[in-house]
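Chain nomenclature is as follows: A, B, C, D and E, assigned in order of appearance, with residue numbering initiated at 1 for each chain independently.
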Amino acid sequence: MAAQAIPMASTAASEPTVDWDALATRARLARRTKATVLYAFLIAVSLPIILPYFWLVTIAFSAKTGVAETAVLWRSMAVVVPAVIAFWLSAALAQSRRQLWIGIATVAAIAVIAFGLLVGPHLHLGNFIFLWEPDFASVVRSRVGEVKGAVQFPNVWHAFGNSILIAGTQTVIVVTVASLAAYYLSRFQFPGRSSMLRSLLVLHAFPVLTLIVPMFLMLYWIGLLDTLSGVILVLVAFELPFAIFIMKGFFDAVPWDIEMSALTDGASRRQAFVSVVLPQVRNGILAIAVFTFIRGWEEYIFVFTFLIRNSNWTMSLYMYWVRDDVMGVDYGVVSAVGVFYLVPSLILYMAAQRYLMQMSIGGVKG
Amino acid sequence: MTTIVDELRVERRGHAKSVARRRTNFVLFLGPAIVLTVIFFIVPVVIDIAVSFTDLSRSLRITEFTTEQYEKVFRTDRRLSQVIGLTFIYVFGTLAIFNVTFGLILAITTTAIRNTSGSFFRAVWLLPRMSPSVLYILLWLWAVSPTEAGLVNQVLMRGFGLDAPLDLLTSAPIALIIISNGFIGASMGMIIFTAAIRGIPEHLFHAASVDGAGTFAIIRFITLPALRWPISFVTIYQTLSLLVSFEYILLLTKGGPFYDTTVYALYVYRRAFESGQYAYGAALALFLIVIGVVVALIGWRFFDMERLLQRPRIEVH
Amino acid sequence: QETVKLELWSRQDPSGPLRPGNVVKAAERLNKELEAEGSPKRVEVVVRESPAKGFDDDALQLLKVFGVGEGPDMFIAAHEWICAFQEDGFALKLDDYIAKYPQHFGTIFPSLWSSAKCPDGTYAIPQDAEARMFFYNKKLLREAGYDAAFVDSMPERTLSGDLTMDEVLDIAKKVVDKTKAQYGVLHRPNKGPDYIMVFNAYGNEFVDPQSGKLLLERDKLAAAFGWFERGVKNGVIPANNTAMEFDALRKEFYSGNAAFWMYGIWDLGSVAFPTYGLPQDERAFFADWGWIAGPAPKKGGSPVSLTHPIVYVIAADTKEPELTVRLLGHASAADLNTDHAVTTTHLGIKPEQLEDPRYAKAWPLARATELLKITKFLPNNAQFGDLNGIIYAGMQGIESGRLSAQQAADFVIEEASSTLEDVIVK
Amino acid sequence: MAKIEFRNVVKRFGTVEVIPDMNLVIEDGEFVALLGPSGCGKSTSLFMLAGIYLPSGGELLFDGHVVNEVEARDRNVGIVFQSYALYPHMSARDNILFPLRFKKRSRDQALARVKATAELVRVEELLDRRPSELSGGQQQRVALARALVKEPQLLLLDEPLSNLDASLRLSMRTEIKSLQEQLGVTTVLVTHDQIEATTMADRIICMRAGQIEQVGTPDDLYLRPSSLFVAGFIGSPPINLVAGEAAGGTVTVGGAIFPVEGASGSLTIGLRPEHLRFAETGFAGRIAQIEPMGREILYVVETGMGAIRVLEQGSSVAHSTGEQVNIDFHPENSLVFDTQRQKLITGAHVRAPD
Amino acid sequence: MAKIEFRNVVKRFGTVEVIPDMNLVIEDGEFVALLGPSGCGKSTSLFMLAGIYLPSGGELLFDGHVVNEVEARDRNVGIVFQSYALYPHMSARDNILFPLRFKKRSRDQALARVKATAELVRVEELLDRRPSELSGGQQQRVALARALVKEPQLLLLDEPLSNLDASLRLSMRTEIKSLQEQLGVTTVLVTHDQIEATTMADRIICMRAGQIEQVGTPDDLYLRPSSLFVAGFIGSPPINLVAGEAAGGTVTVGGAIFPVEGASGSLTIGLRPEHLRFAETGFAGRIAQIEPMGREILYVVETGMGAIRVLEQGSSVAHSTGEQVNIDFHPENSLVFDTQRQKLITGAHVRAPD
């Protein structure tokens, strides 16, 4: 190192003495304030979301008159909110694992008892009648007189099955096709690679729902109108650009050297794709599977438009139907159907939540 | 032990084989995606363009080829300018308030607290996206019901002493569609920004705090610069999403009251599907497609999306 | 034996499960008849269930389906749509068949047949009818200071043209001012037929009798919109009426928070009795509740009511038009139709039904049948559905304070002229 | 500058106790190295000093004041990371300027300081470049400048050299060392490379699984390792360790018998390869492998007590594989450990058998 | 095994020519090292051998056959990466088994081979673990087993040791070397660490910016570097290079005048630190810095021609900073380069002035 003047020494001596204790106090305060503000903020912004869903559930399990009431919601909240706070506190204050468990168990016990006393008597399963009584509408309306020979009340399980079939098949196809395409796009050099990626973005700019009539004609011409396959393939086509975009990001992040290894180990690129690369993008596959499934699960316009002869009930249309309000709505049943409708997506969502969070685009950072 | 190059044959036929393999791989990997997209996506767009030059009506009959639809779009449709203005407010409002800003705030705050708590709050915010749209909007309708039974009104009246119930659907419809879309839109940004924040080397945060930066300085100097690209991406991608989708608005307000929440894409839908003027709808849609494509291409340029393409490091097919 | 499958397109409509249901039952009767005739044919009805929300969506979907040649043999539609099918040649002209089967069709109320006609003939078979009216809460009116005699005489006064539209607003205003009730007049929160009654009252017919084309008369439109405008200004019609949930509106009326509720007779059977516990006994009901027809615009004018028949239509290209007609003839049998009428509180289509004890027991039907005398229909014009959408938007414009009555009329005319074809403006 | 003290410092991550109980004093102006294998808690200790981690127990003192809770930004500490951790979107200048932004100082003053510091580490020419446009060594210097620019009381270096290539590592070693001497700043270097530690530090703190094994000068650790662990960890090629049983003044190892002084029982004998030499007498073996290492040659000799590494100076190979040799050493260079306790038995030595 | 030949091989990425013209023969069974600074095209050359990159021009021959277009999987090549590149979702066993999946071989036979190979690299105990459950060195061994299991004709090693810590690096070095000798497989090692190259390889190919600077044994490169680049790149501490002007049998460098043989004009003189020694005579200087490096001590001496590094054997410092010393060297150890052409002038030497 070259001999240099030392610019430090001059000022170092005049360094003011530091009040470490004051700094520590300030830091402690700042840390606490920060945590409080963060949690308060997040709770505040999350309540507007939690509350309506919670409401839906309480109506589904408690409404008797068919009117949306909030009494049970507030009663439940009166139990749940203090319980959650107590959980939080006991977790924060517990000194040991044992104390933690005791705290949690106590809070849970009190909460369950309080819930049982305050809310329990209001709970019933009557609103889920549609699950075992396909003709429930006529049962519900038997107050106007018996309706016989009604051929047309849809069965919820039929709708459920259709929805599962559409969403499931579509998910399988999207995941497969998108993985193939995204892998190629991410890892192969070919003419038109850049324009291909660009067209994915451009396709995203197309107003899908305004293409229903051309789609209708198109499906008719190729003979897929009025088939589930038609609906599924259309859904697939519209979901593909997004899925490819996301999957490409995951493929971009797979280290090159393991693929190189596979090649020198004797695999062809296809074999390397299947046996080495694909297992690395499991999270991506799960993420797009969830998103695609939900998309198919909630679909109603295509189902309604393209299925004209089959009994084409899906959960979305069923939901619509129970909500039809020309003749009055039973909100209890609507909520129950809503809860039932939400359950599969929720299960899927809970299972995959972790993986959804790992989505990034293009593997490019900064 | 096998010889290093199995056969001389391999050597001679190597080139021909590699070209063939290149082709098969292209077909195998991209083929399905291209076929599906072309048949079920591109072809309909082309049909749509063709339809816009006809008088296709609700019974799918064409009696003449005409440019009359375009005359309508540009001459007689006076509502269009208002609709475009509204679309602008809606797209940028949602984008600026929720999809980017709030998504960013959520990502930053949920990554700043303990991971388990953070994922809980993120999970809550993903819930709307995971709910079927019909159901999600049903909850909204119940929540903003203008009577005292509405959840919002209950909270405001009981909790905050509001006198008369608010009627958000009539008095603030635009805000409502922005918020209801934003609750869903924010989660996309939240996910992508969270992943990006997690991708920032932890040492950078450590270095900055040792260097004297406080919370906000760290966000300003470390987090935000690292998120520049994801923010660009979310901006352009969600601009396009918002531009062309209207499902939630349709379910929530049907475009009303009056035309107050009829954004362009919904306008196309109302024109074409509520009254079966398919040809006119096609002409209107085409206009939207052009706008969308232009925005997409500008975005591509502006945000340097080309960076998404790393050069493949394996050259063989 | 040869089984003829006949497809029936029907919307999934909880308000009328027997519309297709009766056709299914009719097949049995027809088959017996065929057996008796010695015909080898037997009929089987296949119901195609359309999940459309509302008759307008359903009709548009069906038009597309016909457009690609996948149509059914017969379908159920709202009457105002039939000419759309007729114009494109999808509907079978029925005049000759109707004449041929008087045993099935001879007694159907002649007034209902007019709802089944397009300019060049009859294209549908009426399936039901109802009456739209202003329900009112007598208790509230009495609380507001009207004596019982006044309150009870309102229906007659309306029918005689003595009670006017504006008097309704005045009464409602008084109720709002003098009682705890919050609302004066409520109407449906979506596009539909009832409020057209108000337009009819102010003389809007919407169709040119000569040409059958849509007709818009600026002054009459403005007059009708004016009623809404005054209602909103007086605080009688809530500004957010169109933003409220259907059920919320009902709740406000049936729980005593509104003076008038503009809707249809079936609401009693499907909601008022079961959900809100209004008295099911006729006398008990009329003690506190009642209904009036749409009043005249000014004293001495004519009151109106509106009915919105649902009809059976036969496809022009059905292979078995004869059988289909006979099938629908059986489906229109008085007893089957009464099943539909009494379970869903719709009006019957034949005078025989009035004799049916079940019908008489369902007193709302019997009482509402009076209104058929003054009832009007929506015009049977293929574009009326669109026009109604524009009118509804105009109402939203007025109620939310964006438009004045005159502006609303202008808006409707401008919008209709630019998006609809062949609109006559006066 | 600062005197640093760990008093019974504990660090837990969740339920995992990474540092059970740490006690250590670092004098003002001293250059110490934290040396230990991967995962032993070196970085954790360093991050506690920096204020990035909060101690879970005990007290951390700067100049006698407890600073456990003081925020990183208030500690006036400079840190250089293994990955450099330069802010990728800022130029080198802005990187170095960054710590000064948070001090009350005029921009001109700050820029002058940046310039002076950049000259100190010789990156004044590179100030406009982004980190991605700098080579590893240049990035390292910029990182050093950033750590030094605010005149820290304490300089922390977390494996600063491990990402550099061999020759660069050598020169940066020298530079950092002389800079530290010049500035006199208390410095803690974390490394798992013993050569780095021995060449740079005044004192070495040898850690193992969160615990301090030995603290001392490089010579202390090399010549008088207090435990088998330290003996094995320090020295390259590694020390030869052979186990034997001592009784009555001799220790029996494999076939060989060594006279031993001052110890008995189960012993482990440590012989550094460079302290062994081929000689006429000594214990016998056969050369199994020869490895030229530039200016030294490593012989692996098969003996009765296993493979023994012998390091000879010079670059010309004087022996050949398979050759029978005798190995000799100075008794004072031998180390004797209690096998049970894994500790050095001070004063005990063995001699090569004749 | 295979003889490898590069004939005028060119590699371009887009418009960037990374390797302009490469000619090289690697004999059957040879162990060569590709040595050069980062970015000089070492990995690129290796990947062409593996069949991952396609040469843009020229011919690549295996045993005399052009393999330019032969697929990677037909080449029977084993490769080990710096990152190990183990398949994270497979156990060590499955990783090693992987290459055998693509050969026609019964599963039992394959598993037997896996076992044999695992024993060879001593990971037989670890076969059921996932890569994430293995330490760096263990991962390295599994990677090696995977590369070896199919009995490759050619083994490619891309900086295989650079992620290991110092002592592990040392032992893996020995292991790989002896494995290679045992198996006799032609091996190409890519490294930027000269010590790795010199200790492991039979021949070193020194590259710079896509071009081969020198090919030779470690001694060749060390003692007779053909260019300034090679001289500077090889040797640690680095060679002392001083520029001077030669005329009439002497070369003038700074203040000093050296007698020179066989060269004139602008010269650069290379003196390795370990070839210099303190003596009574020789050129004079003052010790500026002393750096103990374990068994050697590095002195930095300020002389008329700049700072000169002198390396002395031994661990005890015999001089002190500021001391005036004279430096001497053997003439045959001096290197003389043509400054213009950057090339060695063979046969030219300088002597220390008296």
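Going forward, contacts are C-beta pairs under 8 Å (C-beta built on N, C-alpha and C of every residue); 3 or more make two chains touch, one makes a residue touch a chain.
Nothing here was measured: the structure is a model prediction, and the numbers come from that model.
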Intersection of contact partners for subunit D and subunit E: A, B
Each chain counted as touching subunit B and subunit C at once: A
Most widely separated chain from subunit D, with each centre as the mean of CA atoms: C
By count of C-beta pairs in contact, the leading pair of chains: A-B
Length of the line joining the C-alpha centres of subunit A and subunit D, rounded to whole Å: 50
Rounded Å distance, subunit C centre to subunit D centre (Cα mean): 92
Separation of mean Cα positions, subunit C and subunit A [Å, integer]: 42
Per-residue overlap in subunit E, given as positions that touch at least 2 other chains: 51-52, 71-72, 75
In subunit C, residues with contacts to at least two other chains: 64, 68, 245, 251
Two or more partner chains touched - positions in subunit A: 213, 216-217, 260, 263, 320, 366
Interchain contacts, given as pairs of chains that touch: A-B, A-C, A-D, A-E, B-C, B-D, B-E, D-E
Contacting residues of subunit D [partner subunit E, same complex]: 37-38, 165-167, 170, 174, 177-178, 192-195, 198-199, 218, 236-238, 274, 289, 291-296, 313
Subunit C - residues contacting subunit A, complex: 10, 12-15, 17-18, 20-22, 24-25, 47-53, 61, 64-65, 68, 70, 245-247, 250-251, 266-267, 269-271, 273-275, 339, 342-345
Footprint of subunit A on subunit B - complex, ascending: 22, 25-26, 28-30, 32-34, 36-37, 39-41, 43-48, 51, 56, 60, 106, 109-110, 112-113, 117, 119, 121-135, 138-140, 142-143, 149, 151, 154, 183, 191-192, 194-196, 199-200, 215, 225-226, 228-230, 233, 236-237, 240-241, 243-247, 265, 268-269, 272-273, 278, 281-282, 284-285, 288-289, 292-293, 295-297, 299-300, 305-317
Contact footprint of subunit E on subunit A as seen in their complex: 255, 257-258, 260-268, 271, 275-276, 279-280
Subunit B residues within the subunit E interface of the complex: 1-6, 8, 10-11, 14-15, 17-18, 311, 313-316
